[in-house]
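Look for subunit A in each of the two complexes below; its partner is subunit B in the first and subunit C in the second.
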Partner chain A sequence: MSPSTRRLIVNMGWLTLVILALWQGLYALIGDIALRSPLATLQFTAKFVTTPQFATHLAETSKAFVLALSIAMASGLAIGFVLGLKRFASDIFEPFLIAIYSVPKITLYPILLLVFGLGLSAKVAFGAIHGIVPIALFTLNAVRNVKPVLLKTARVMGLSSTTTIRTVIFPSALPEIFAGLRIGFSLTLIGTLLGEMFASQRGLGFLLMNAIGLHNVDVIVMLTFLLTGFAGIAGIVLLLINRRITAQA
Partner chain B sequence: MTKAGLIRLALIAVLLGALEVLVRIGRIDALTMQAPHKMLLDLYAMLASGKLNKAIAKTMGNAGFAFVIAVSLGVISGLMIHRMRRVRETLDPLFATYYAIPVFAFYPLLILLLGLGDAPQIFIGVMLGFVAVVVNTLNGLDRVPRVLLKTARVNGMNGLETALKITLPSAAPYILTGAKFAVAYSLIGVIGAEFIMSTGGMGYEISFAYNNFDNATMYPLIIMILVASISINMVISRWEKSLLKRRGLQ
Partner chain C sequence: MTQPHIRLSDVEMTFSRPDGVGEDIHALGPIQLDLRHGEFFAVVGPSGCGKSTLLELMIGLTNPTKGTITFEGQPINGSCPDGIGVVFQEDASFAWLTVRDNIAFGLRRMALDRREQDERVEQALAMMGLVEFADVYPSQLSGGMRQRVCIARTLVTQPRLILLDEPFGALDQQTRLLMGDEILSLWRKTGATIFLITHALDEAAMLADRIGVMSSRPGQLIDIVETNWPKDRDSRIVENDAFGAVTARLWRSLRVESMKAIGKKDAQA
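And now, the complex of A and B:
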């Protein structure tokens, strides 16, 4: 384990402790009306995750998320590579991507519902549109910023364009591409969950929305805890991989 | 205008034209999508009648308020966190994963804490926008040239003076990048909260219109939000570019 990795994990520990302390403090302030203590949440979570109801919703969310992420990654990388290699095309299309990135996509959910109908495809689409653009923009910049000397070397050595992409452009752009994938992962996750909250009858997002409607504090706090925990751990793992790739490049 | 810009305009025109034709000949049915010209007419009628002005003012006002708080609080926190290495290192993992956290899950809690008024919605907007501003401010502060800081010290500037005259102006382009995110996030926070639970505002009106198949209200409202966020973003981008250009960075 490298020193920087160890430091990151130590910091994570501290952060977790601080958050737990704040949580407990907030609970002392508010009480059971809108919050549960960390301990009660853990107990409730341990009980709830074994129920078949949880398993169904989790499976539904996982399926939607995996589909959305695959679509976002495949199209984001493809768009990024094509535009990164063609200067003129990226001059035309990059402003579109930036405009889409800056739009509050949550306002688009009624349109997606009308187009896709209530169900899996609407929330997959909602998750995917959150992830495609950051992946495409990061890939585009990564490919465009490959050092000209590397490309010249590839040309001098007479590499074909596919070989150049595979052996020169991709490896040298990888750290930045991975940073885009990391952000795309987070945004696709949140997009899928938002899609489930507004546009679905199944999945953890729906469960959360339902609990908000019924004011079921146990479920609200448990889901917030589970989702935040998952997002946090996945984010840290991806960050560690990202640092390793950057260090190697 | 550049050649790429012209092609871009032509593309938008072609897409809008295609949408118009597809809706007119009934390939896309009118319950799903309105013809673009109809959306504009509806938008004009909606604004002229003034019946949704209150909702529009509420949402835009709340989002604007959330934006101002997110940016000012974000810049100040950024300045403070930058000076505390330990705190920054501890917060780094949180910043890296923050945007995967479903912030809307905290909405019921916020309603109980802050009441059913505008406050919880503004709070959500601030929660979303704030971190983007902090992260970008830190990034900007990292790039302040050493020589400027040394000059400040040589001239005997105190901490506040250095921040106002040296570090903040120097980090300004990066802070503006954060501000761009804050525009989108404050709108997302406020509108999303209105979708979930509220009694007014554009988000509420959009979901109300959606539930009643009232496309004549839904599409104009959506278009207003999109146009507003894209144009604010373009203005900030211009500003950011001109700052960078003055320094010969772009």
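And now, the complex of A and C:
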């Protein structure tokens, strides 16, 4: 383990302790009406995650998220590469991508529901549209910023366009592309959960919305804890991979 | 009479303006130049005179507007022929590959068996003093070492003509002198023809057999200076009395052109 990785893990450990302390402090302040203590949450979580009900909802969310992320990655990378390689196309379409990025996606949800109906497809589509644009924008910039001297070198070596993309442009752009994938990952997760919260009968988002409606604080806090933990751990893993890639650049 | 290694005949380059308005920009030429087999030829000229454009024409990255370029008797048309290697001024090492893999990358289009490839890579590593850095990434090396990696990646293809576009431009003076020694040593070992573009008069005077002086835009060769140095020279040639005379002659040819390049139209010799 490299010193920087060890430092990151130690820092994350400290941050976790600080968050737990703040959580406990907040609980002491607010009480049971809107929060549960860290210990009570852990105990409830340990019990709840073993129930068949949780497994069903988790499987549904996982399925929707994996599908949404796959679509967001494939589409975002494809759009980013095409626009990054074609200056004229990117001059035309980049402003549109930026405009779409700044639109609150929730305003598009009624349209997606009409198109895809209630169920998995709408959730997947809603998750994917959150992730596509940032991945595409990062990829576009990464490809466009490949050093011209590397492209000249590829031409002097007589590499074909496909080989140049595969062996020079992609690896050169990878650190920036990966940064886009990290952001795309988080936004796709948010999109999928939002999709489940507003129009779904299954999934962790639905479970959360249902718990809010029933004022079931145990489930609300447990789900917040689980989702934050998952996003945090995934974020650290992706950050470590990103650092490893960037360290070579 | 022996055939020149590379021949430029009436080569001219004109660029259209990016906005399409106004007259085209006459960047280069006409240029006539024959490079002899195995010689070290340097080109000096004021900023913006078209030195790098000239190099891009010679490696087929751009086609000339007029004239022809032949390498070993064959015209260069839109692609870099086998037998030509290039080292650019900017760092062109591949950050995601180790030094060894960077060098081996140069052999991609050559149909060599694995053993031959490994041998060539090891030779290039040894020649450029990179053996102990073979498994590190370029980001762990200094600018001068990264430039060595690029030179090694070019050498591994065993080019007969090596074009160097200000390869030491980003290095400090001492390192440049030492890199100059290494280039001279490589030149003797490989027997290749070398074409060097530089803005440093002392570098050109130290390294080259002949030095072409280019005018301000449109760049033309206005003088060719023969140095008459012995083949086994190194950077200590700067101590030679004749070295100052060569540099002085280069500057005499170049001074007015350099003043024109920075906008002093009434410049006089």
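Methods note: the second predicted complex is superposed on the first by the 249 of 249 C-alpha atoms of A that agree within 3 Å, B and C clash if a C-alpha of one lies under 4 Å from a C-alpha of the other, contacts with A are read in each partner's own complex, and residues count from 1 in each chain.
As a convention for this text, contacts are C-beta pairs under 8 Å (C-beta built on N, C-alpha and C of every residue); 3 or more make two chains touch, one makes a residue touch a chain.
Keep in mind the model is a prediction, meaning the values are calculated, not measured.
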Item to check | Superposed partners subunit B and subunit C on subunit A - clash or fit | outcome: fit
Checklist entry - Counting residues of subunit A in contact, which comes out ahead: subunit B or subunit C? => result B
Next on the checklist: Is A:I241 touching anything from subunit B or subunit C once the two structures are fitted on A? First, second, both or neither.
Outcome noted: neither
Checklist entry - So, A:S172: does it touch subunit B (first), subunit C (second), both, or neither? => result second
Next on the checklist: Contact-wise, after the overlay, does A:L118 reach subunit B, subunit C, both or neither (first, second, both, neither)?
Outcome noted: neither
Checklist entry - Touching A:D91, do we find subunit B (first), subunit C (second), both, or neither? => result first
Item to check | subunit A-centred angle between subunit C and subunit B, computed on Cα centres after superposition, in steps of 10 ° | outcome: 90
Checklist entry - Is A:V156 contacted by the first partner subunit B, the second partner subunit C, both or neither? => result second
Checklist entry - Least CA distance subunit B-subunit C after superposition, rounded to whole Å? => result 11
Next on the checklist: List the residues on subunit A that touch subunit C in their complex, please.
Outcome noted: 147, 149-150, 152-153, 155-159, 163, 167-168, 171-172, 174, 247-249
Item to check | Residues of subunit A touching subunit B in the complex | outcome: 7-8, 11-12, 14-15, 18, 30, 33-35, 88, 91-92, 95-96, 98-99, 102-111, 113-115, 182-183, 185-187, 189-190, 193-194, 197-198, 205, 208-209, 212, 215, 217, 220, 223-224, 227-228, 231-232, 234-236, 239
Checklist entry - What residues of subunit C sit close enough to touch subunit A in their complex? => result 59, 61, 79-80, 84-86, 88, 90-92, 94-97, 105-106, 108-109, 137, 139
Item to check | Contact set on subunit B toward subunit A in their complex | outcome: 2, 4, 7-8, 11, 31-33, 89-94, 96-97, 99-102, 104-109, 112-113, 180, 183-185, 187-188, 191-192, 195-197, 203, 206-207, 209-210, 218, 222, 225-226, 229-230, 233, 237
